[in-house]
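Next come two complexes built around subunit A: one with subunit B, the other with subunit C.
And now, the complex of A and B:
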């Protein structure tokens, strides 16, 4: 409620472009944060390597889209003008999912088999290590330079209520909205989505009703990483790919997860827009250097007064023992 | 023979609790396992349901060896386990919980038939369809757990401590609903601390003491046995 109020006031005072920025960053942040929520709720992993899947997504999109854009330059009437960017983003999702599965098979699976206690701490340390590894692997294989594109969709900006929104930004929002909607539908109505929720709520109960835990774990991690990679791929025009590109979305997504409560997927979406708005308003009125300080303050207050988060519930993790 | 457990050894970590438990259940029977705290009743059930791996011995279901299978595989073979803690999905509605109970049934029509069946057993759950499982009373949750166990159309239903933590009035109600299942032709293995009640409703019983089967036989004979009377009933 307060968010909507602040959004309205801010957009009246300093122009609707603030609102547009909020919605786009919020949408993409929602993708990263829901992935993080999933990892936390179902696998009980405090994922600090999630930004690197964002990086993998943007890198994939870059290498897929560059040849496509060269082709478009030579054949401007090709159908790829419309479809090309979508192909790049879809590839980012697929590669993100695959790298998630690889991470589970090589890193988390072996730990799960061997860890007897202290799972939360050990898996958290492992994700930090994975993050450092992936960042440096990027630097080693692809170099530390910025790998960006001029834009996905060329053409005149779209004008809505006197605000000009570039086509890339509009599409980024549409992609985020569609993906979040599909994801929500999947989690709410399909039996596989319900099984994922069931595992996050009671792992023994899930085993009793015949849910194959290993399959769900694998599916969850690939989904979570794909969501993050989609965000990385769609935002390539704003954030060119470089080794540490994933850190900012990671921190913001953690703000969202702590703010909205651990393991609450719909809450994560709402929280993402709140954090995005907060960030946009801070940049506008206080200064660009403060955009991490203000959300951090808010989180401190939330942790002091409502430790389970604004939309928090007492969902326990799958491997909480 | 539907379920045949032979010389089962099981426990947690280095702690062995069961030492050579053997029991068997025929189709359509209503069998009770009773015993004092720490005798290994729940451990036996968890080993049969696949939640803990047996250290030794064998478990056969329907003539098939199921020793060491995972819990989800055992559920798919037709054994449904209603645990003491119920393990409901607390942030899901009653209906969603029941649907999850039929997770192994892929046919939507069959799922809905099972749902109707469970609703006919527990009309109370129909009223609470949209309520979150975690917000219901203890008795209702027990009913939901048993109903969820029935959703997969099991050949054998194992109910662990249905009276645990319930008011006496509700205990009778839960026992009645298990009786209703029995008259529907379901094979039931009941585990209870409430010895009098269990021996009164079941056909056959096992008495578990210190991880071993102490006595076995017809429930009525067990109830009349002087040892049982002395140890459990305090007469």
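And now, the complex of A and C:
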């Protein structure tokens, strides 16, 4: 409620472009944050390397889209003008999912087999190592320079209520909305999605009713990483790919997750828009660069006074240890 | 352990002293080696000395970090930020108030300690990953402040700070950091060996059980945080007055990760593990970084790989390996050498 109020007041005072910014950033943040929430809820992994899958997504999209855009320049009437960016983003999702599976097979799987106690903390530290590894592998293999593109879809910006939104931004929001909708549908209505939710509630219970935990774990991790990679891929025009590009989405996604309660997937979507609004308002009224300070302090207050998040959630007990 | 007690009823003075200093004969030898190191030929060049000082800094940081992470089992993810806060306090006191760098370092420790008091107090209700997140966000906020308060800290342009010694030589700095490392280790070890350390471990393993046995977690947790952050603050002061320049980068999460990696590879809950492992490990990393300059990031790739492998396959780290294999030597002389008599 307060969020909507702030949003309305802010958009009246400083123009609707703030609202548009919020919605676009929020949509993408929702993707990263739902992935993070999924990891937390189902696998009890407090993922520190989630931003790196964002980076993998943007890197893949860059290397897929560059030849496509060269081709488009030569044949401007090709069907790739519309489809090309979507192919790049889809590739990002696939590579993200594959890298998630690789991470599970090489890193989390062995730890799960060996570790018995203190899983949450150990896996968290493991993801810290993974994050450093991926950042520096990127630097080692692809160099530290900015790998960006001018834009996915060229053409006149779309105008809504006196605000000009570039087609890329509009499409980014559309992609985010579609993916979140599909994801929500998948989690709520398909039997696989129900199985994932069952595992997140009670692993032993899920095992008793015959759910293959190994499969669900693999599926979850690949889904979570793919979501993050889609965000990375579709935001390539805003965030060029470089080794540490994932840190900012990571911080923000963690803000979202703390705000909305660990493991609460629908809450994460709402939380993403709140954090995006907070960031937009901070940048607007206090200045650029403060957008870490103010949200950090606010999130700290949430942690202190309502550690289960503003929407509450049940998984906290497992993560308390 | 038992056999040593039966063989010598009265402990001689040397052993008593060693025990008071929390050292084994092997540890003493290591300390002497550290003091002699800058005089041994390959290490007496200035650039190597700079690396060694950085090793010492990370070693001391990892002792302070392990004091929290290894005992009350809370990973202070904003450790580098607290350290940087101490460094900035110290530097600003020297520049604006004309304090001597030595006093300012102590002041940096006190302010960082009070920051630790605050973090300890507000994270009291939180456990595990939540407390880590809180300290992490605290660190992010601090770093954001240091970047944005340009009128005070000059932000990313960097704050020039006077050095501790007026010389160009790095030798005095090296001795200072080794002495600081030793004192930090000593203080932490004394506390850990006392009843308080027992309480820390009880809280770290199971807070509810500890509370049931009459341990007041509030006092112990806050005390632990305060001391660990004060150590970070003093070290941050040293960092500021050694390099002569401070940027908000010293507060970055990646610095915490560096300290964390060393502390965990060394062995959590041992205090000395991180301090011992830091010297060969960080030194090797610096060699790789400087000799393979055309492969940027390779040292950090190795770094992360070692951390991941240790976390999965050998969670006890170097200290566990040492306790299991080297300490239990069959030879009586060697056993004395590695364990001391106490």
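Rule of thumb we're sticking to: the second predicted complex is superposed on the first by the 315 of 321 C-alpha atoms of A that agree within 3 Å, B and C clash if a C-alpha of one lies under 4 Å from a C-alpha of the other, contacts with A are read in each partner's own complex, and residues count from 1 in each chain.
By our rule, a contact is a pair of C-beta atoms (placed from the backbone, for glycine too) under 8 Å apart; a residue touches a chain by one contact, two chains touch by 3 or more.
Given the structure is predicted, the values throughout are model-derived calculations rather than measurements.
Chemist: Subunit B versus subunit C on the shared subunit A, clash or fit?
Modeler: These partners fit in the superposed model.
Chemist: Output check: A:178 vs subunit B and subunit C. Expected answer is one of first, second, both, neither. What do you get?
Modeler: The answer is neither, since A:178 touches no partner chain.
Chemist: If we overlay the two complexes on their shared chain A, which of subunit B and subunit C does A:191 touch? Say first, second, both or neither.
Modeler: first
Chemist: After lining up the shared chain so the two structures overlap, which partner does A:292 touch, if you call subunit B first and subunit C second: first, second, both or neither?
Modeler: second
Chemist: For the superposed three-chain arrangement, provide the angle subunit B-subunit A-subunit C between C-alpha centres, rounded in steps of 10 degrees.
Modeler: Result: 90 degrees at the vertex subunit A.
Chemist: So, does A:201 touch the first partner subunit B, the second partner subunit C, both, or neither?
Modeler: So A:201 only meets subunit B here.
Chemist: If you stack the two complexes on chain A, which partner ends up touching A:83: first (subunit B), second (subunit C), both, or neither?
Modeler: neither
Chemist: So in the superposed three-chain picture, is A:121 touching just subunit B, just subunit C, both, or none of them (first/second/both/neither)?
Modeler: The answer is second: A:121 touches subunit C but not subunit B.
Chemist: After lining up the shared chain so the two structures overlap, which partner does A:212 touch, if you call subunit B first and subunit C second: first, second, both or neither?
Modeler: The first partner, subunit B, only.
Chemist: Using the superposition described at the top, determine whether subunit B or subunit C touches more residues of subunit A.
Modeler: Comparing subunit B with subunit C, the partner touching more subunit A residues is C.
Chemist: State the minimum pairwise Cα distance, in Å, between subunit B and subunit C in the overlaid complexes.
Modeler: Superposed on chain A, the two chains' closest C-alpha atoms are separated by 19 Å.
Chemist: In the complex, go through subunit B and note every residue touching subunit A.
Modeler: Its residues touching subunit A are 49-51, 70-72, 75-76, 80-81, 83, 85-92, 96, 99-101, 103-104, 148-149, 151-152.
Chemist: Using the touch definition up top, name the residues of subunit C that touch subunit A in the complex.
Modeler: 73, 75, 122, 125-130, 132-134, 136-138, 140-141, 143-145, 147-148, 253-254, 257, 260-261, 264, 295-298, 300-301, 303-305, 307-308, 311-313, 315
Chemist: Sort out for me which residues of subunit A touch subunit B in the complex.
Modeler: 191, 194-195, 197-198, 201-202, 204-213, 313, 315
Chemist: Where on subunit A is subunit C touching in the complex?
Modeler: Those in contact with subunit C are residues 46, 107, 110-111, 114-115, 118, 120-122, 124-126, 128-133, 135-140, 144, 243, 247, 251, 254-255, 258, 287, 289-290, 292-293, 296-297, 299-300, 303-304, 307, 319-321.
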